[in-house]
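For clarity, chains are labelled A, B, C and D in written order, and residue numbers in each chain start from 1.
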Amino acid sequence: MRKKVFVLVLVGFVLFFAGCAQQPEEKPTTTTPAATPTGPKEETLYFGAPISLSGKFAKEGQMSLWGMQVAAQWINENGGIKVGNKVYKVEIKYYDDESKKESVQSLIERLATVDKVKFILAPYSSGLTMAAAPIAEKYGVLMNSHGGASDYIFEQGYYYVVQTLSPASKYQTGFLDMVKTLDPDAKRLALVYEDKEFSRAVHQAAKEYAEKLGFEIVYEKTYPAGTTDLSPILNELKAANPDVLIGGGHFADGQLLAQQLAELNINIKAISILVAPSLPAFYEALGTKAEGISAPAQWETGVKYSPEVAEKLGVEWYGPTQEEFIKMFKDLAGEDAEPSYHVAEAAAAVLSYAKAIEKAQSTDVDRVREAMNDLEFMCVYGMWSIDPETGKQVGHDMVIIQWQNEEKKIVWPESAANAKPCYPMPTWDEKAEGKTCGS
Amino acid sequence: MLKVSKLESGYGEMQVLWGVDLEVKEKSITTVLGPNGAGKSTTLKAIFGIISPWNGMVEYFGEDVTKTPPHKKVEMGITMVPEGRHLFPNMTVEDNLLMGAYLSRAEEKFEDSLELVYTLFPRLKEREEQKAGTLSGGEQQMLAIGRALMTSPNLILMDEPSQGLAPKLVKEVFETIYKLKEEGLTILLVEQNVFSSLDISDYAYVLHEGKIAFGGSVDEIKESEDIKKAYLGV
Amino acid sequence: MIAEQLAANIIYGLLLGGVYGLATMGLSLIFGVLRVVNVGHGAFIMVGAFTAFWMFTLYSIPPLASIVVAVIVGLAMGFVVFMTIIRRLLDAPELSTLLATFGIGVFIEELSKFFWGPDYVGYSWDIGGISLPFTELPFTKLYAFGSSIVIAALLYVWFSRTKLGKAIRAVVEDKEGAMVCGINVNMVYALSFAIGIALTVTSGVLVTLFTPVGINVYMGGDYTLKAFVIAVLGGLGSPWGAFYAGFIFGLLENGSYTLLGLIPGVEPFGLTRFVSFTALLLILLLKPTGLLGGE
Amino acid sequence: MFKFKSLIIPFAIYIILIAIGLSQPGLWQPIMYIMFYIGIGVALNNFMGLTGYVDFGYVAFLAMGAYGMGVALGYFTYLGIWAIPLGFVLALIFAALLCTAVGGVALRLRGAYFAIATIGVNEGLRYLIEGAKIWGGSEGIILSGKLRKTFGPEFANYLSTFVADAALIIIIFIASVITVYMINSRVGYALLAVREDEDAAKVMGINVTKYKLIAFFTSATIGAMIGASAWTLKLTYVFPEDVFFIHYTVEAIVIVMLGGAGTLLGPVVGGLIYGALKYYLSVILPGFQLLVFAPLLLVIVVAFPEGVVGFVKKKLQERGIIEYIT
């Protein structure tokens, strides 16, 4: 009897899904412009996105999705995208890719063919973006990378893949510039980072740059992904006695690196860790131990990009101002949520599509791609312009953030900064006694 | 005391018992005989509940216990000396006996039961601290019977207690079983060893291809040459 | 210099090993009694980690006290999972429990994400430590180590002294034998499963004492892999073997680092993993049922 | 002669799937997504289903295949189009080498010991590659640029879209034929005996090790071919953390069990259900598909402990159609 019920439930589910499976084809999602002579006509333009809502990139995926939705909402509330006598409203068509490459590929195809989407927002992470690229290229849809920083994606010769975020090679260079300016005597640099393609790319580029700046590399080691104890490396690091440390990889190991530096009482004048410190969770987890720790960030709340700055620089401003942006984000994600840089990156990618389409005065993929070549604008995320050859982002600058007195401050470059760098950072003992970068 | 009617059971898809009927009278020894694969062990397992009966009924003192799980049966005074002994090899002899007195009903009579076991099998007392796995085959069989006694049972189902033992030990085992009956216990025995078991039994059943082919008093079996030839291969 | 590094790594390896050991005992117990390989093991570790995190951040309950909460949560979860799913599969083909525990693990992770979000969280319980000449030993790590030894010891006493503990051992040693003694095998299964899960959830609390950051709904995966390997190393089904094997694994993972560092042109930290997994294979080659495995 | 009849249903399923993929816009990649799952199911089933041994580290064979193709295309790019067949050959060789090593050590182990020892093999190998910086270490092998330079962007695209998919389809067809052959040959009968009772099989004089190795080797090489085509050729990169991701093994096991281990049709049905369900759930309920998927999986496990095909077979035992289901 019980088995029969189970079977019935199962059959029910199968029928349900079979029914759902048919729906998308029945729904007219096509964006082919219908020629109508009278007045501005409103149409919906779908931007497609495979998003990691589950799996290892669930966190970043959710943030990106909010960013896209905020940008789309702003565009729609501000007149849409005007092409000729038509006005396009933007909508984000997204599916969960579970952070898996097989899913990304099938979802990209679905977006390109079933949903007839021509403009794709790439999945999060370089690996997934790489998996998506051949499929996007096959269907001739544009793909805008907002979460795949690795330089190599843009060294493979893909034409339809462009980048909105700054490439990996630029992540840690700003921090090194900053340290050199603050303290020309701090020469002893150590690198401790995750043995993964992304952090390797970041730190190899940083290492070359550091040598040019005259740093001496006193220690360099990697640790495997997923490790829960860095003590073997950190005991060695202590003996190497560095002035400056750069390293990290993702959230978990970045938090761990800071935690164990504190535990082992390794005092370093300046520390920049990838990814982790740029999230509020970093300070929540570590408390005062986070004081003085820096991170490179694609974007940060409080960054000084504004219509006025744009005007001063002589570039066009597009999109919400920072206040609007944060308000819209909180309306969407909840009052307690803080926008991470993923939000701004993803929003900028959407805005860049809108801008390029308006510039090209067409939704034709090739014409939009061409328009992107010399597109230059500023938005809440900062400057946007790409290298026409590779599609790599060249206009955007990274900022350096630092935790000061429980707040994340922007300390570099000076043009974007809202606080002075705290250097050298307080020792762990001082921090344990409650000393912060503000006191 | 125990009445089995139309019992059907088997393993997975394979049916072994096709309607077994038998009865065990109080304070008697009843033997189930039959060739290999006739379903003797399966009968005991299905009665005790180690495998579940598919059809038919098992009654104990008139109460339906067909679906009663084994631990409840032990509570009611039924236990089993399984084929291959099934001791706890890494536990000491003492602990094995202790586990026999696991239920509180048995635990109350722990001292008495232990005395009975050690009187019956003085050798177990000597090896109290030894691990059960290190005992000889005969000693292990004694321990298995001893452990069953610790549950303070009324009815013991015994599955091939003489299996794999030297002839001298076989004799000893059957003597023990007879002693148990004299202590007032009831025993349902499954055996390959036809003559020795018939010697101590009061009643006997012959199982053939999952059905009872014959049942009656031991004397009747002993007299019937046909039965012996046809079913017992002697 | 090298001697100091080695000493530090060995100490850390031992501390880590204690946590690994406890994180594996539950897995091994469940396998030993029920012959169920709990593929969803890591999800329960994650629940333990979040228990410690929430207790600390919401109610300022120190993680050591959260162990009590974790035990209760674990027993409850274990019991519910057993009664709803595992019980139905005990007579099914052996492998279907593999499929079921996989589904349970995924379900727990996704449900946790639904309620707790995908963030990497952590907490700071700064209570100082001991300074050695060559390294620092935070009290949190020592507590994690100490608790795992205490829990393992308590469990050992419970198993070897109490009637119920012995009944579990009896079922492990011989199920049919336990039945004829009047032991309710299904009850023992339920109890063992619940205790196994409780141990696992508890180890999740200790994991956060050792590594108080990077707590995330998907954190369990790595621990599952390691727990599997440690369980086999110690002899599947033997919780004590698992405990010893945890130390060996921790030692190999951390201890081999210093020596591997002498090889030029490699990443020694990555290779420590190679060494510890290879050691597993070598041990199995010599003793195919693990260090303390019987059969 | 072996029974061809039982191939009709799986082949029909493949052909229908491919037809749907070709005729319906936007369903080609989803179909290939399902085919990939069917593929790893069929491949693993040739070992796990037939011998009853679970290999948690199975993904290592896909990884070996991926690296075989990756090494050929990355380091022998100058061979031009010939690098592709070389890639398949290397995939075979790498898988065979690993097979020999694992077979020598791990296949002597039983049950869960074997299953988990293979995790050790998989993880150990991954960390060896990363730690000793073999084949690019953690940076992997990235091919698209090279392929585009060597073959031109058109052909490079053709490779990663058409050739890779076609190769996977061919491999799956061949793998199914091999399964039928294995099930109905002496190998299959011997393995059935092993599965039922390995010790008894030994006593009966069956060369247990030999037949286990045959199944292991067959399954491993099919896995390697899938890795070479569905991963390296299609994705045009190889990263160690991706190709040794043990989750794929777990998925393959789920597929085999879901469909019914040891049957030809089982992994096909399992892969179909698993792939299709996950895909549509991610479309309908983005972000919540696993929350729905997991309980559904549990329902199936409880309702069909022998897998869907095992269940259907039992129901249809007396009917004529049973001849078509193996």
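Operating definition for what follows: a contact is a pair of C-beta atoms (placed from the backbone, for glycine too) under 8 Å apart; a residue touches a chain by one contact, two chains touch by 3 or more.
These numbers were taken from a predicted model, which means no experiment stands behind them.
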item: Graph separation of subunit A and subunit B (steps between touching chains); value: 2
item: Farthest-lying chain, centroid of Cα atoms versus that of subunit C; value: B
item: Centre distance in Å when subunit A and subunit D are each reduced to the mean of their C-alpha atoms; value: 34
item: Interchain centroid distance [CA atoms averaged], subunit C/subunit D, Å; value: 31
item: Chain centre separation (subunit B, subunit C; CA means) in Å; value: 42
item: Sequence positions of subunit A contacting 2 or more other chains; value: 54, 62, 195, 222, 224
item: Multi-partner residues of subunit C (each touching 2 or more other chains); value: 110, 221, 267-270, 272-273
item: Set of subunit D residues in contact with two or more other chains; value: 127, 130-131, 137-138, 288, 290, 302
item: Chain pairs in mutual contact under the definition given at the outset; value: A-C, A-D, B-C, C-D
item: Contact set on subunit C toward subunit A in their complex; value: 1, 5, 8-9, 12, 16, 110, 113, 117-124, 126, 129, 131, 134-136, 138, 141, 207, 210-214, 216-219, 221-222, 253-254, 257-258, 261, 267-270, 272-273
item: Of subunit A, residues touching subunit C in the complex; value: 54-56, 58-59, 62, 195, 221-224, 226-229, 231-233, 235-236, 239, 251-253, 255-256, 258-259, 263-265, 276, 279, 281, 284-287, 289, 432
item: Residues of subunit D that touch subunit C when the two form their complex; value: 54, 56, 105-106, 108-110, 112-113, 115-117, 119-121, 123-124, 127-128, 130-133, 137-138, 246-247, 250, 253-254, 257-258, 261, 288, 290-291, 293-295, 297-298, 301-302, 305-306
item: Subunit A-touching residues of subunit D, taken from the complex the two chains share; value: 24-30, 32-33, 36, 127, 130-131, 137-140, 142, 144-145, 148-149, 153, 157, 160-161, 234-237, 239, 241-242, 276-290, 296, 299-300, 302-303
item: List of subunit B residues in touch with subunit C within their complex; value: 48-50, 69-71, 74-75, 79-82, 85-91, 95, 98-100, 102-103, 106, 147-148, 150-151
